[in-house]
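Just dropping this structure here.
As written, the chain order gives the labels A, B, C, D, E, F, G and H, with residue 1 at the start of each chain.
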Amino acid sequence: MIDALTIAGRTFTSRLVVGTGKYPSHEIMQAAHLAAGTEMVTVAVRRVDLSATGAASLLNWIDRSRIFLLPNTAGCYTADEAVRTAHLAREAGLSNWIKLEVIGDERTLFPDNEALLVATRELVREGFVVLPYTNDDPIACRKLEDAGAAAVMPLGAPIGSGLGIQNPNNLLIIKEQARVPVIVDAGVGTASDAAVAMELGADAVLMNTAIAGAADPVAMAGAMKHAVIAGRLAFGAGRIARKRYASASSPLEGLITR
Amino acid sequence: MIDALTIAGRTFTSRLVVGTGKYPSHEIMQAAHLAAGTEMVTVAVRRVDLSATGAASLLNWIDRSRIFLLPNTAGCYTADEAVRTAHLAREAGLSNWIKLEVIGDERTLFPDNEALLVATRELVREGFVVLPYTNDDPIACRKLEDAGAAAVMPLGAPIGSGLGIQNPNNLLIIKEQARVPVIVDAGVGTASDAAVAMELGADAVLMNTAIAGAADPVAMAGAMKHAVIAGRLAFGAGRIARKRYASASSPLEGLITR
Amino acid sequence: MIDALTIAGRTFTSRLVVGTGKYPSHEIMQAAHLAAGTEMVTVAVRRVDLSATGAASLLNWIDRSRIFLLPNTAGCYTADEAVRTAHLAREAGLSNWIKLEVIGDERTLFPDNEALLVATRELVREGFVVLPYTNDDPIACRKLEDAGAAAVMPLGAPIGSGLGIQNPNNLLIIKEQARVPVIVDAGVGTASDAAVAMELGADAVLMNTAIAGAADPVAMAGAMKHAVIAGRLAFGAGRIARKRYASASSPLEGLITR
Amino acid sequence: MIDALTIAGRTFTSRLVVGTGKYPSHEIMQAAHLAAGTEMVTVAVRRVDLSATGAASLLNWIDRSRIFLLPNTAGCYTADEAVRTAHLAREAGLSNWIKLEVIGDERTLFPDNEALLVATRELVREGFVVLPYTNDDPIACRKLEDAGAAAVMPLGAPIGSGLGIQNPNNLLIIKEQARVPVIVDAGVGTASDAAVAMELGADAVLMNTAIAGAADPVAMAGAMKHAVIAGRLAFGAGRIARKRYASASSPLEGLITR
Amino acid sequence: MDYLEVTDMHIILNGDRHDLAPGTSVKSLLDLLGLDARIVAVELNRKVVKRDLYATTPVPAEAEVEIVSFVGGG
Amino acid sequence: MDYLEVTDMHIILNGDRHDLAPGTSVKSLLDLLGLDARIVAVELNRKVVKRDLYATTPVPAEAEVEIVSFVGGG
Amino acid sequence: MDYLEVTDMHIILNGDRHDLAPGTSVKSLLDLLGLDARIVAVELNRKVVKRDLYATTPVPAEAEVEIVSFVGGG
Amino acid sequence: MDYLEVTDMHIILNGDRHDLAPGTSVKSLLDLLGLDARIVAVELNRKVVKRDLYATTPVPAEAEVEIVSFVGGG
């Protein structure tokens, strides 16, 4: 239905990347992933809970024949922490892809772009496929791309805030200059937010809370699937120009009263 | 996928109503209707062009086994004109449904609600199923409903303007108080606008120029189909609350560095 | 500082009309009126409280040598009630000016434009200077003007809501077509809202709750005074066009490094 | 009228900082500065034009008894260029204040925050009072502050774009966490934009094109003066909460009809 | 309203039933109520009474009387 | 409209003056015009003619006749 | 962690101090802990251990050992 | 720049090559150029010259000299 997305040589039919956190249950997460039609999900790297013997692994609920795992470095506040976490993620997941997060602030979870650049340069040097989570700063995005990022992932709004795309103009600028895919990561609250991101030209959208935190995560996952398709199609379809006044859609001639 | 819509006893699976004006060709219109999955299209009533012998009728390009015709009174500036046009439409179309327009101004094509109420009362008295095009005035919508309208059709923005939903709060209020379906009619520019309308609780969206005037009408029709489904699903799914700050989607515990 | 406003032959230096309701005290109201620099305030007409002997009249706190009284018909839900109230107001206030309200709904306090038109026509016939409170419907505004209204007073948002101007495009259209003053009445929440209304071309702004309900009404009244002046000056000054990209404000030549 | 602003020990009565570029003439610039009531203006550092003998200096048109000069490093694309320019500015202006710009992109003129941090650290070390122009990134602002910046100057929108405050939420967050003054620099298009910035809590607003590029720069300068005062007063006055529905400003009791 | 004389005549004053002496003028009614004629308006049976007619206008039996003044409003 | 017979009777058809043979029914008029009765509607002097009455309804002299059909609209 | 033998050697495992028999390999440690080697990753003194070296890599005394796996995240 | 004496020494002044008499001080250069020392700043080989050292600072041969002043900017 829509064109495929290729990141670092890997092709995805779906342009909706989904998280695995905060679902009411593993069953609901699995159903939501199915409803979303996603082909890539993010996971976090955390210490094994040594006291919780026999806990079913998250991975049992992800059909890895259809869904690619993208580990993140969520919770890292320095470049060094993020690099260490990326190393662990690679070993745990047997892939060299990493959603790179270096957080600057606990309250906003905004990225520390200075440290993010340091970590990106290091991990690219080590051969990782780096997808950095950043903010909607076109200069930071360009520098990340110059550093070898396989995609840039500007936020639309704070993680989990559901505020929607706060600065569409910046995202447009980021997309216009980017030569790697642009994935809007964070801030989506409802379906129209995802459609807006795609209409701005984003190559994909990544979300977690908007689906997992909805009253009905599976229904919202379906909504997001359709919204991403809608936004992608509309982006390609060439929307009408905005006008301040009306333009009749029925003919002006042939009226019985004129 | 989404719940059905019933207006005046007639049930529709699709919540996207589409116009038939301004397409590049009849062929493209037909393909766009198919891509939109629409089950109701609007048509205008105009004098037969006596000089154009043998012109293929618009109706040849509409599969009436799947698509219901909704004639409009576009171009009428008085209640009397609109009532006469409704009478003609009924005879031409063999149905008593009418999209009632009484226009107040050529430049904005905004409704003349005073005259619209007069015409609605008259046509309801005569047994029409009246779907009045009005503005986003909750009081006007309630009076139209009290007058017997089968649905109310507030505009999102001027016809053909593509500005999107200008006053979401008014649409919310209209929906909250309405006991008949609310169809957002006019103003949609791109897919996210349609999704927004549905997320506000609209029962359906009606559009013409946004599809017919797009660079690729068929692609935009597909976008709108998905957008309406996305918006409807999201409306029912119970979106997350908006927050000013972030909320982590990955766990705060179990970090290797804490 | 700014140009004067003339309504029905009466000239005002200030373009800020203020209400008299809901202040913490008469003293604060008086100070707020002074800080606002207003020359016209609205008052409501209500039954004298026969049990409250000796209550100081509101009018003792309004310097009528500098402030013109504009009685309203707030609380009226039919044309007839509004006309009766206007008659009483004229006799109580010795002026034939009336802020005409015919409310359609208790929850939104939106106008019933159909009844408002009836009342406007009647009161104009009787010689009143009618300033009708209406919504942002350009057609309703034009009909009120055609009915003889001395000004039109479209709302920016529901009374007391503080939402700010919900539909700037409609206000622009109303102003473009109006031949009488346009006073934005209701919806202002803070100073920038008033500035926006004036920048759209409004001839004046009317507000009550935004000032009376602020934590510090006198400070907010001062804010509103400056905001209305700012907006009026900016409207006349011819703002720069919006551009998506930057435009350097420092010279591009003469750099030491080029 | 409003409270004073102190930056690095220097106190300003006015919270409006104005540029000196792009005016139609020196005379109009001078009149605009007067109308704006500004006490600090920015200037750029450029090579003396050796062919233009006897050109009247810009400084002849700035009353330095009332207006403090803030030199900028506009046009610098590296930390090194910016530091050199700051050195020259200090010698030319006999003050150690610098509006520090390190630009990352010619089209957007967005800051290169990575290089900006380097230059800020260096100039602070050398004893400069550094006011860095940055974007609306709360983490970058905090790091600049930690580096010793005397104020942070996040943009509202691209320089000269006139788009207004694109991301109010980010500015709120920046202000909440800042311990130095926050000056919104760039993006203002008209008076209400300046009021919005101040209502968000900004300590001052800096603008050039919005005034110099207006059809009537002196009138717009007056508008901005009032807008900044309005916004500051409103910020302190405690605005009413936003509500979706109406709240009557006239009493509900005592109606003649109830 | 105990300061009005007991009488056989009644009026509806601001929605409540009251006694009133027959022949009472609007002016006298206002005086009885202690109201300042300059800041109120009076309606008799849904028709406003002009201010300069208060002294010469009697309040009829069973009249619906409305006496209003300005209060704070928006 | 040269395919209509010359006659003394006239009508206003879709805003233009035309000749028409006296006694012509609505159905005959549509046939003359080559119009498919199933996809048009006809108004005589501002009153719609029911479709099943076309054959039995004559077009009166000086009638204002409107013949409309559906066209693309929104 | 009572299922580990008492010994003189200690490690810091996921932030907590534990005893461990000298010479225990990473693989043995995982076995002791009942962990599936295919879904965890192991860091010894801030350096990741390649999976195919688990059997041959001993856990040194006083090592800081991190054993992680994937959990839900965004 | 014909008002400078012809000489064997050259400098790069604001990006352009110029002749300059050996031993010319910064102050003399400014005087030669007709510039008011109070409103310019001078860089010699990327290093700013303090204003009170203008008279005693010679401009070396082949120096890159930048002379700047304030212009309108934002």
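Keep in mind that, in the parts below, contacts are C-beta pairs under 8 Å (C-beta built on N, C-alpha and C of every residue); 3 or more make two chains touch, one makes a residue touch a chain.
Since the structure is predicted, the reported quantities are computational estimates derived from the model, not experimental observations.
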**Message:** Between chain A and chain E, how many steps is the shortest route if every step has to go to a touching chain?
**Reply:** 2
**Fill in**
Contact tally winner between B-G and A-G is A-G
**Request:** Could you tell me which chain lies farthest from chain C when each chain's centre is the average position of its Cα atoms?
**Result:** G
**Complete:** chain D and chain F have mean C-alpha positions lying a whole-number Å distance apart equal to 73
**Fill in**
Averaging C-alpha coordinates per chain, one finds the centres of chain E and chain F separated by a number of Å equal to 69
**Complete:** Distance in whole angstrom between the CA centres of chain A and chain F is 63
**Asked** Roughly how far is chain E from chain H, going centre to centre by Cα mean, in whole Å?
**Response** 94
**Request:** Could you tell me which residues belong to chain G and also touch two or more other chains?
**Result:** 15, 43, 66, 68, 71-74
**Asked** Going by the touch rule set out above, which residues of chain B reach two or more other chains?
**Response** 19, 21-22, 44-47, 72, 74, 84, 88, 107-108, 110, 158-160, 163, 169, 173, 208-209, 212, 244-245, 248-251, 254, 256
**Request:** Go ahead and list every pair of chains that touch.
**Result:** A-B, A-C, A-D, A-F, A-G, B-C, B-D, B-F, B-G, C-D, C-E, C-H, D-E, D-H
**Of chain B, residues touching chain F in the complex** = 19-23, 29, 42-48, 50, 53-54, 57-59, 69, 71-72, 74, 84, 87-93, 159-160, 186, 206-209, 212
**Complex contacts: residues of chain D adjacent to chain C** = 1, 19, 21-22, 44-47, 49, 72, 74-77, 81, 84-85, 88, 107-110, 158-163, 189-192, 194-196, 199, 208-210, 212-217, 219-220, 222-227, 229-234, 236-258
**Asked** Where on chain C does chain H make contact in their complex?
**Response** 248-251, 254, 256, 258
**Request:** Note which residues of chain A are touching chain D in the complex, please.
**Result:** 104-105, 107-108, 110-114, 117, 135, 137-140, 142-143, 157-158, 163, 166-167, 169-170, 173, 177
**Asked** Any idea which chain E residues touch chain C in the complex?
**Response** 1, 13-15, 33-36, 39-43, 46, 48-51, 66-74
